[in-house]
Amino acid sequence: MTEPVLQVEGLSVDYEVGAGTFHAVQDVSFELHPGRVLGIVGETGCGKSTLAHAIPRLLQEPPARIRRGIVRFRGIDLLKLPRWQLPRVRGTGISMVFQEPINSLNPAYRIYDQVAEAIRIRRLRESGQAPGLVSPQEPFDYSKPKMPNVGEVLLKPLVPSKGPASRRPMFSKDAQDLRATVLEYLKLVRINDPDTILNLYPHELSGGMRQRVMIAIALSGRPSLLIADEPTSALDITIQAQVLTLMKELMTEIRTSILFISHDLGVIAEMADDVGVMYAGHLVELGPVDQVYRDPRHPYTKGLLRSAPSKYKSEGPLPSLPGSVPNLSRLPRGCPFHPRCVLAHADCTQDPGPKLTKAVEAAGPEHLAACYYSKEVPGIP
Amino acid sequence: MVIFVGKRLLQLVPVLFGVVTITFFFTHVAVPNPCAAWTKARTPGAVQACVVTFGFDKPLSVQYTTYLQNLISGNWGTNSVQQPVLPSILRAFPETLELVFASLLLMVVLGIPLGVVAANGAGRWPDHLVRTFYLSGWATPTYLGGLILAIVVGPALGLPYTGDFSSAKPPGWEIVHMSVIDAMLRLDPGALADAILHLILPATALAFLNMGIATRMTRGSMLEILPMDFVKTARMKGLTNFWVLYRHALRNSLISTTTVLGIAAGGLLSGTVVIENIFRWPGIGTYAFNAIIGYEFAETIGIVIVFAVGVVLANLVADVLYGLLDPRVEWR
Amino acid sequence: MAGDARATQPAGWLSRKRKWLTSQLTHLRSGLRGFLRIMRANPLTLVGFVMVVLIVSVAVLVVLLPPIGQALVGHPVSILPYGPNYYPSPCPTRIVTTGNYSYPTCTLPPSTEHLLGTDNLGRDMLSRVMAALPLDLAIGFVVTAFAALLGGSLGLVAGYWNQPRTIKGAISVAILRLTDIFLAFPSLVLALAIAATLGRGTLPTVLAILLTWWPYYVRLVRGEVLVVKHQPYVTAAKAAGLSDLRILIRHVIRNILEPVTVYYTLDVGTVLVTFSTISFIGIGVPLDVPEWGNMVEYYQTQNLMGIAPWTILAAGGAIFVTVLAFSLLGDGLRDVLDPRSRRALAQAAVPTTVAAPAALGEA
Amino acid sequence: MTEFLVEATGVTKHFPLTQSLTETLSRQERRSIHAVDGVSLTIGRGESLGLIGESGSGKTTLGWLIARLFEPTSGTILFEGRDISHLTGRELRSWRRKVQVVFQDPVGSLDPRMRVWQIVGEPILAQEKATKSEIRARVGEILPSVGLPTGSLDLYPHEFSGGGRQRLALARALILRPKLIVLDEPTSALDVAVQAQVLNRLVALQEEFGFSYLLITHNVAAVRYVADRVAVMYLGKLAEVGPVRQVLEHPLHPYTKALLAALPVPEVRRRGARYRVSGEVPTLISPPPGCRFAGRCPFVIDRCRTEEPLLRVLANLPDQWVACHRVEEIGVIPPDELIGEAPVLPDRPSTMPATPSPER
């Protein structure tokens, strides 16, 4: 097995707000291996988006505070990096796609400027003018699997970034080259008429188009890790299907590892190799998608899968999880799910709660669940 | 865009008409006969002569229509000593414009970066510092700040504190009545330095009060923009904090700041009345002050017209800038 | 449970009343918590709040203490060390030398007896500054309130009845045009012109400010109404069959009060500055009425800046401190209450399911 | 008494766009957004009609037209046989007791400054003269039926979770016992687990009170569970109407097929290519003649671009209406056999009679 691209160990994130301290992410650990897609699924407020933002350290601190943990990306512990070095990891190391395509592109610049900016930064990194901490990946036309030098930190002195010049004359050799690269990326995300799109502003594009541009920007840094935070939730169903198809096709062409956040079990089923289920800030189950979906080993996962409505009225009431998500500032002792759990025993209420361990009698060793009674979960009606 | 500007200029006409009408009736109803105040002699004969000359004996409606007709034909009336109003205003206005532009420049150059600094450190000490600074400016009455600058700071720094320097120039030296530009046109570096030195104190006094407007607006809109996804996108491209702030956040927050600067320009015009008086700046503020004190109605109305045009044009410029900065705006 | 509300027994009524009271108390407590949250979010706001409370209480004491104290104790009681127009006799003359000139003056620098010194007539500056406080503060509060009321009601009409091509729409268009005209006037110039033509005095000055101030509230309130009007809860009220007037009272006015209050707080200071500016120009309050603006003007015309700067600084400083207090409070409140900046400060990242009490969980 | 509770015929709503000066001067025809264009449908007594469509399909506008929050540009809406499309003033307000609306956004549709009893009791206040204690009593009675404790009368909406707020909105709609409740995306702001609770409650309430639902949503799962019949909207027109099981299991219209194929299903299944339609929903300003779906339809022929398909019924499927010229060829293909963006029609004889029944 290759070394993981991303290793998260015991990550905990709090929000300190007037009303109290909210434990948004609690002791979350997972690994993401090269070329894999890890889906994180959970309900609103379960901390999945906070997790996604905490990895590249995009959280607003304060109110957020990363209490403890390790986020090791290609050998570098991002949480130990000084703040000014973070830009050297972003873009060419980690990039991100956000939920609302309307908000994630700068309304004041043309599409060309926004894609070109990302490409210019990558070139600055590659040329050594402003080296990154990790090297960008090779171009996408992989014929054989190959991983860039994992774990090697470029310890060159940092040359202050001059920032991308925004308006260079278009006739220079450089500019033509840049334009060609921008076009290449827009074609990569299946934009039909990239020459026209280049000169438009984000508000002149439809939602699906914007999200394609956003993916192009995210990929143009040739990152080794792409974090997709609910990338299709704001889109219509048919458009969502188009974007998901595009991402799946791209996954066969590029070797980026993806952390895919979604609240939609269906989207995760379609996109991910592995899935992590989050509840009230905790990762309660983790494993290969088909195993987790076919044979969930945490009562919450089971309840979540069952409550996806797929019945007609005549077929009786929909199964649903009783109760509601607990307040993140006053989590119950022990297992956070025990007040809603049918399997709850006395030991479930004792601190510390269950840790993520190999699920008893699960089909494979990679199937983990944070439940003392994971053996009994298949028996829940 | 041209149509937009044309339409807005067309809208200026009813506004001006309203402004003129309101000022005219207000002054003439409140003080139907200012002759008593004008003529120092106060002999009945002199007052009577004055009333006849200026037509204060005619019905108000007649006075109003006469005034409007004259106004449209370019005759803005005369003051109590029979000096035509328009030329004096046209001569004084550029001086004020120079002062206002200098203040605006100060507001933009100092106020906007301060707003960025405050927003970047929101809730921490840079923010508190900047806020205390601009709120202090806000809380300082213009006249107090002006007095302190003129009487205490000016002499201490050896800066000239009166604007009344043009008398030293040979007649006809001035071209546009803006000392800095005149000095440039005359290619006179000495005069240019002198003009800039003279500008520093009054422009600072004027800008200090209004600095808060630019800073506060920049801070506010930056705070609104910084948590937005496109700023995160910019960060995730690998841009450093400075470039994220400068290229992405500031560019978008300027869109709201320009609107406010347009409104602030109106406030600056008002402030000149006090500041010019303190610094003896020969602009329209001093002129307005004397006109108002002396019951000079023709002058007052003329000034109000000029000020109203100034306010409306400042807002128009701000709107045009807004449209140029924000590609989402449709010109209509 | 349903019978509880219909209970006619006194005991039931009592228990209901108690329940209601407890719920009121809970809300009061949560309101207090919200207030503390605002204050803690920004220490400057707290500073502003404390300053405003202090200033207002001093003003109240200045107004109330003499008559009440007199009635209770039998002789005048005042928190002013001296009467504002108290001329000590003989005037404690001192000789001041500026350049080649030497002349006697009554000004005394700040000392333990005269904390802020005395002016050229020997009057105690602290007393004068404090005596002016009630007037200046009242002007700030009252004029702003009138402007907010006048402009606010016009803005309410203009915002709520803005359907094009109807009579109501025409009215709101007329209001907006009139507002545009008044907004085109530079406010200080208009105020000066009005004050000058009406003659020197407190009332003309107040009128002048009022006439120039209301248009801002038309703009503000109209903008807020337009926002509230398109909130889903207004549509919901319409769908329930509520009449326009009721929607206006029940939903619109309630929801625009918060931003209007914030701007009101900020404006109290601004109005105060404008008022004192008109006095400073010399066409506002008469000189015998203690007022900060005309104090600065008077001492400046007496050229006291050079020989007794404490006189001007005391009066100007009083304005500065008062306005700063209101600005600090208003600016801080706006950060928290104004929907525009509230969104920014709330930081979308904070979990949304924060306030789900367990008792109200899903069945 | 008529057979239907609501009978809408040829309902159209155009929103005029503001004209620029040049357009006014050049006397151009006023452009408008054709949000709903000639839609006819019925809602029976005690029936739930699901209205599915993507954003921009005009489904919310249609719902608001039926609730008379908009006045239709043309067409008639009969409610219990009475034309309500042009009611105004007091008459309209008193008619509103028969129709209530639950809005999409449970946070925004509850005034944050009001207590539960004021919010839920608002329709009573609007329709009847009632004292405060009467309103409180009636609100206290209705709360348990949406699953909220009676003791929550004096709480504010922000003290409830998302699902709790949607229950409040539901209680407000129920309190006058209306004939029809228009549910505008009632579950789109809710999580799966909460959504199931709300849907169960909706069905239970209908059994208890017997009113009709118009369920407007893009959530096919919600429609599947709540609706008896379903109408699919695309760009302001109905594409397909029919019994819910029939439409969801045997969709006839190419758009319905695409919509259902695009649904992500929480099962690990074949991850290969599926039937996808290309392109995005065009704007509703001055739509072209012909079928509204022609621009994205993989089966488009010339006739589709010129001639508008009318809603018609197929002989062997008497309840299912569909607006497609080629339904006889396309309708029979099971969705699994359509793959990719330009599926090829399999060469086999149609199992459906080719003669369409007469236009209604």
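The letters A, B, C and D name the chains in turn, as written, and every chain counts its residues from 1.
Quick note on the criterion: a residue touches a chain if its C-beta (ideal position, glycine included) is under 8 Å from a C-beta of that chain, and two chains touch if they have at least 3 such contacts.
The shown structure was predicted, so the numbers you read here are calculated from the model rather than taken from an experiment.
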Where chain B and chain D overlap in contact partners, by chain label: A, C
Maximum centroid distance from chain A, chain identifier (CA atoms): B
Mean-CA-position distance for chain D and chain A (Å): 34
Where chain C and chain D are represented by their mean Cα positions, the distance between them in whole Å: 50
Averaged-CA centre spacing for the pair chain B and chain A, given as whole angstrom: 52
Contacts with 2+ other chains: residues of chain B: 123, 227
Residues of chain D whose C-beta touches two or more other chains: 161-163, 194, 197
For chain A, residues that touch 2 or more chains besides their own: 44, 53, 60, 324-325
Residues of chain B touching chain C in the complex: 14-16, 18-19, 22-23, 26-27, 30-31, 122-123, 128, 131-132, 135-136, 138-144, 147, 151-152, 216, 220, 223-224, 226-227, 266-267, 269-271, 273-274, 277, 288-289, 292-293, 295, 300, 303-304, 307-308, 310-312
Chain B-facing residues of chain A, complex: 53, 56, 58, 60, 62, 84, 87-92, 94-96, 98-100, 103-109, 117-118, 121-122, 125, 132, 161, 163-164, 166, 201, 203, 214, 217-218, 221
Contact footprint of chain C on chain D as seen in their complex: 67, 69, 92-94, 96-97, 99-101, 103-105, 108-114, 122-123, 125-127, 133, 136-137, 140-141, 144, 147-156, 158-164, 169, 172, 194, 197
Sites on chain C touched by chain B in the complex: 41-44, 177-178, 180-181, 183-190, 192-194, 196-198, 269-270, 273, 276-277, 280-283, 293, 296-297, 300, 305-306, 309, 312, 316, 319-324, 327-328, 331, 340-341, 343-345, 347-349
Interface residues, chain C side, partner chain D - complex: 1-2, 4-6, 20, 23, 27, 231-233, 235-243, 246, 250-251, 254-255, 352-353, 355-357, 359-363
